[in-house]
Amino acid sequence: MIQLQSGPVEVGGVTLRNHLILAAGVLGTCGSSLARMLREGAGAVVSKSIGPEPRSGHAGPCLVVLEDGVLNAMGLPNPSSDFRGELDQLKGEPVIVSIFGGNPDEFGTVASWFVDSAAAFELNVSCPHASGYGAQIGTNPDLVEACTAAVSRFHKPVWVKLTPNVTDITTVGIAAQDGGANALVAINTVKAMRISPEIRKPVLGNRFGGLSGKAIFPIAVRCVYELYGACEIPVIGCGGVSSAADVLELMMAGASAVEIGSALRGNPGLFREITGNLYGTDGISPAEIVGCAHD
Amino acid sequence: MIQLQSGPVEVGGVTLRNHLILAAGVLGTCGSSLARMLREGAGAVVSKSIGPEPRSGHAGPCLVVLEDGVLNAMGLPNPSSDFRGELDQLKGEPVIVSIFGGNPDEFGTVASWFVDSAAAFELNVSCPHASGYGAQIGTNPDLVEACTAAVSRFHKPVWVKLTPNVTDITTVGIAAQDGGANALVAINTVKAMRISPEIRKPVLGNRFGGLSGKAIFPIAVRCVYELYGACEIPVIGCGGVSSAADVLELMMAGASAVEIGSALRGNPGLFREITGNLYGTDGISPAEIVGCAHD
Amino acid sequence: MVYLLQKLWGALMTDQLPVIVAITRVVGETPSVKTIFFDRRFDAEPGQFVMVWIPGIDEIPMALSGPDSITVQVVGDATRVLGGLLPGDMIGIRGPFGNGFSPKGRILAVAGGVGAAPLLPLAQLYPGLTFVLGARSASDLLYTNFLKTCSDLMIATDDGSAGYHGYVAGLLRDMDLSCYETICVCGPELMMKSVFDLLDAKGVLHNGQFSLHRYMKCGVGLCGSCCIDPDGFCVCRDGPVFMGDILRNSELGRHHRDASGRRC
Amino acid sequence: MVYLLQKLWGALMTDQLPVIVAITRVVGETPSVKTIFFDRRFDAEPGQFVMVWIPGIDEIPMALSGPDSITVQVVGDATRVLGGLLPGDMIGIRGPFGNGFSPKGRILAVAGGVGAAPLLPLAQLYPGLTFVLGARSASDLLYTNFLKTCSDLMIATDDGSAGYHGYVAGLLRDMDLSCYETICVCGPELMMKSVFDLLDAKGVLHNGQFSLHRYMKCGVGLCGSCCIDPDGFCVCRDGPVFMGDILRNSELGRHHRDASGRRC
């Protein structure tokens, strides 16, 4: 397998320590767990999505582990503005704050809380299981553009995280770009469900949830490939990544960096494991790899 | 695990020998392989999708097997009207002919060839990798309604097979219902891609393909659940089914019957294996199970 | 070989959807605590926990008080419904999860209230251990009949209605703890904190093993709701049992986070 | 044990994307046939095939003529590009797929043209077998130098430029075939059909094993493009090698289907 040159990575206005980023919502509610992931070798971390009001999230079960993925419907639990305190211990670290809201104003309000502490914002317009939020915005290009614009005015880098649960992800990517996004993140989870045959009910408290992990990797590759071809701003890949080979594949599809979530289950040392394989002293320039599958 | 009463199954105007149907495009190009699947225990079979002109399909690779699924871009190869000859040996058997076209007229033309030989039509408005066909129709509710109406006029049962690659599958399901569909089939493959890291190119000749098999089962359950809640006509589940438990789960989500494709790889005896587990002398009525997860 | 394959197969090939069990027996332990037995035994270390799905209601973490039982104290909606279930009712179980106790040498178990639940399997596995059992009042003491038969049982009640009058930490203060190589502790946060401080003061904190409670949603180390300061450990995955010295300077007894992640 | 685990692991846990190999050597066998060696050996039975990806062009089925080689006859676009590749060039390999030959007792191999490719590993594995090699002309004969050293080689050429003058079936007609327990055949469809008819006439069809060619797209028994009448067997998965008696009344020598599935 090829290896890459190591060194800081500039993506969407943020300097990452390497190409790997902790995905939003995974071990991202506490400053201390974000700090831990940085210690464990993440090149940057994205927080849990923070919204305009504290939310407890959906009734359980909130998450079940499947043979080849994870199905979750956390329901965007978050401490809202109280999250500011979590970031005190992370001054100067590459922390991207994920935010959500029900309209552009709410996005603006939430962003305003973190102008001093976030290296960038990631807009969650893609969570498939929280009514009024997430994908309910992210399937409407006009709203995506407006929400992005509402956050862009803080003159911090804005990443917009997209849902694959749309007919054409590129129209949403272009809307985000038009709203002033500095990067696109693809993908959030794929809307899905499992049913308990004995109970005869959906297993998730919220019935519907989002599929992540290995099962969605080929969908993520496709979305990154489509967005890279259609948009000018960098794409950050996400979905089912669990090895250095997966990182390279997403980069070849067009990802400038890669987020990792579900694969951390049972393996908090994964970032270091992957960077160990991904980088080498004879590594080639990442620029040679990003999007090369399009040539 | 619960078991079902065995016996013929009436779904969408067709009498199936059991709840299991061979999915379109899998071992469905020859009359002899369709007959074989019936011998192997399928309750009915759907043919390869037949179109207005013969097509050779995409350049290879057309299909790769993944850890938890299959990625294909066959490109709708089909012998067009010559397919009539394949059905000679299948008179009176439960054979559903899958058809596709680029507009309502083409759907009508293709259907007209099989009015005497098909037990029903399944409209492929969902293949994610054939330009001008399949999902390019199936993402437009008006076109779906028109194509369905164009085939309905033959007074044969019409099943419409839907793509999950849309923002809201229920709007397309309702359009099909409005066009006169007797049943909905959900889902076709999920648009996806894999890249060969060494070659630095997508592995499929067509670059984009469709993901099937285990990986998409939770997406299929979700789509069936959504359609069952939104539509009046029966839903036939499809996607990642490989066991009797999967069949029951899709039925609880709302499926009146279930199609199986990828899981037949290496296991042509799967239909018999599943019916062996699915039915029992003390089995309960299927009516008790279909859609029960909605209660 | 077959075993290994099963493990491999199990690990690789199985969806970890909740395993549905039927309740076989419900035993009232105290006015507000019931032990619920079900028709399936789970292979767990003492101290591991499961996520219990009460269909239609919620899913909550519970220690296994035996291979086929949980012991539930009614404190809110989910526990109320759980405590009201009857034989034949079905619940879902995910797990066992986390790291249990790592007993070696002479063992002291220190339980407060329903914190006795994860310690019960320890008493079953290591008869002869010393068991310090605390509760508000005599009627709140758990498992005393059983514990009497197999352990060196010492009792403390807040109101003095049985055993030592006062908190568990008070009882421990007068004991020689240096003879225990393993001191397993589970109970309400403040009780654990006082035991923690006591062990620290007595210089035996490194022998302490504390089973923590934090708000849990996923149970598998992903959602982050159970993480503790300052190291960001997941109680569900890195715990729930932590060695005493790892918890020095931790949030134990200082703060925790609620369902939304707010500190309280 | 380790082996078994590897198999299990391999079967369960590996994406079967094309394995990329680099070409190490290209040997011109005849004016239109080349053997291409690559830097990786595949574990295959004689008669199994692989799907060969020529990036940017197509993917086509090819027998393995050795653990690390294919022997390609140029007949169209993909084979032309493949035949023009040089050492260092990369191709992708999926497989090996299908069921190979099942040799037992005395073996007779009957090859026509590039049909010798899947039979070559048989000659390597079973030295001393009888090998009937047919081709249009002396210059089209494959592997003769090697086959001379390890087999009882008999040659037939359509134009009489070497060996028997005429078709392979003609040569076989005069032989006593009853002494062979296994008769493995591969070659152009009509050559196979005449051998098939001859074996049938001689009453030894049940000893015949025929390696069929049909249009293949997936190689794994899903797409249906390689299915044969009247039983609907997949040549890629149930074959490519079929026992003679299974093919009685089959489409062999009568019709096949093109890339679109039309009979021709």
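Letters A, B, C and D mark the chains in the order given here, with residues in each chain numbered from 1 onward.
Here is the rule we go by: a residue touches a chain if its C-beta (ideal position, glycine included) is under 8 Å from a C-beta of that chain, and two chains touch if they have at least 3 such contacts.
Just so we're clear, the structure is a prediction, and the values are computed from it rather than from any experiment.
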Required steps from chain B to chain C (each step between touching chains, minimum): 2
Chain labels contacting chain B and also chain D: none
CA centroid of chain A to CA centroid of chain C, Å: 35
Mean-CA-position distance for chain B and chain A (Å): 33
For chain C paired with chain D, centre-to-centre distance based on mean C-alpha positions, whole Å: 65
Distance from the mean Cα position of chain D to that of chain A, given in whole angstrom: 50
Chain A: positions in contact with at least two other chains: 66-67, 194, 201
Overlap residues in chain C, where contacts from two or more other chains coincide: 12-13
Residue ranges of chain A in contact with chain C within the complex: 25-37, 48, 54-57, 59-67, 70, 72, 74, 77-80, 82-83, 85, 89, 194, 196, 198-199, 201, 203, 205, 261-262, 264-266, 268
Residues on chain A engaged by chain B in the complex (per definition of touch): 1-2, 66-69, 71, 139, 165-167, 190-195, 197, 200-202, 207-208, 211, 214-216, 218-219, 221-222, 225, 245, 248-249, 252-253, 289, 292-293, 295
For the chain D and chain B complex, residues of the former touching the latter: 12-18, 20, 51, 53, 55-60, 90, 92, 94, 217-225, 227-234, 237, 257-263
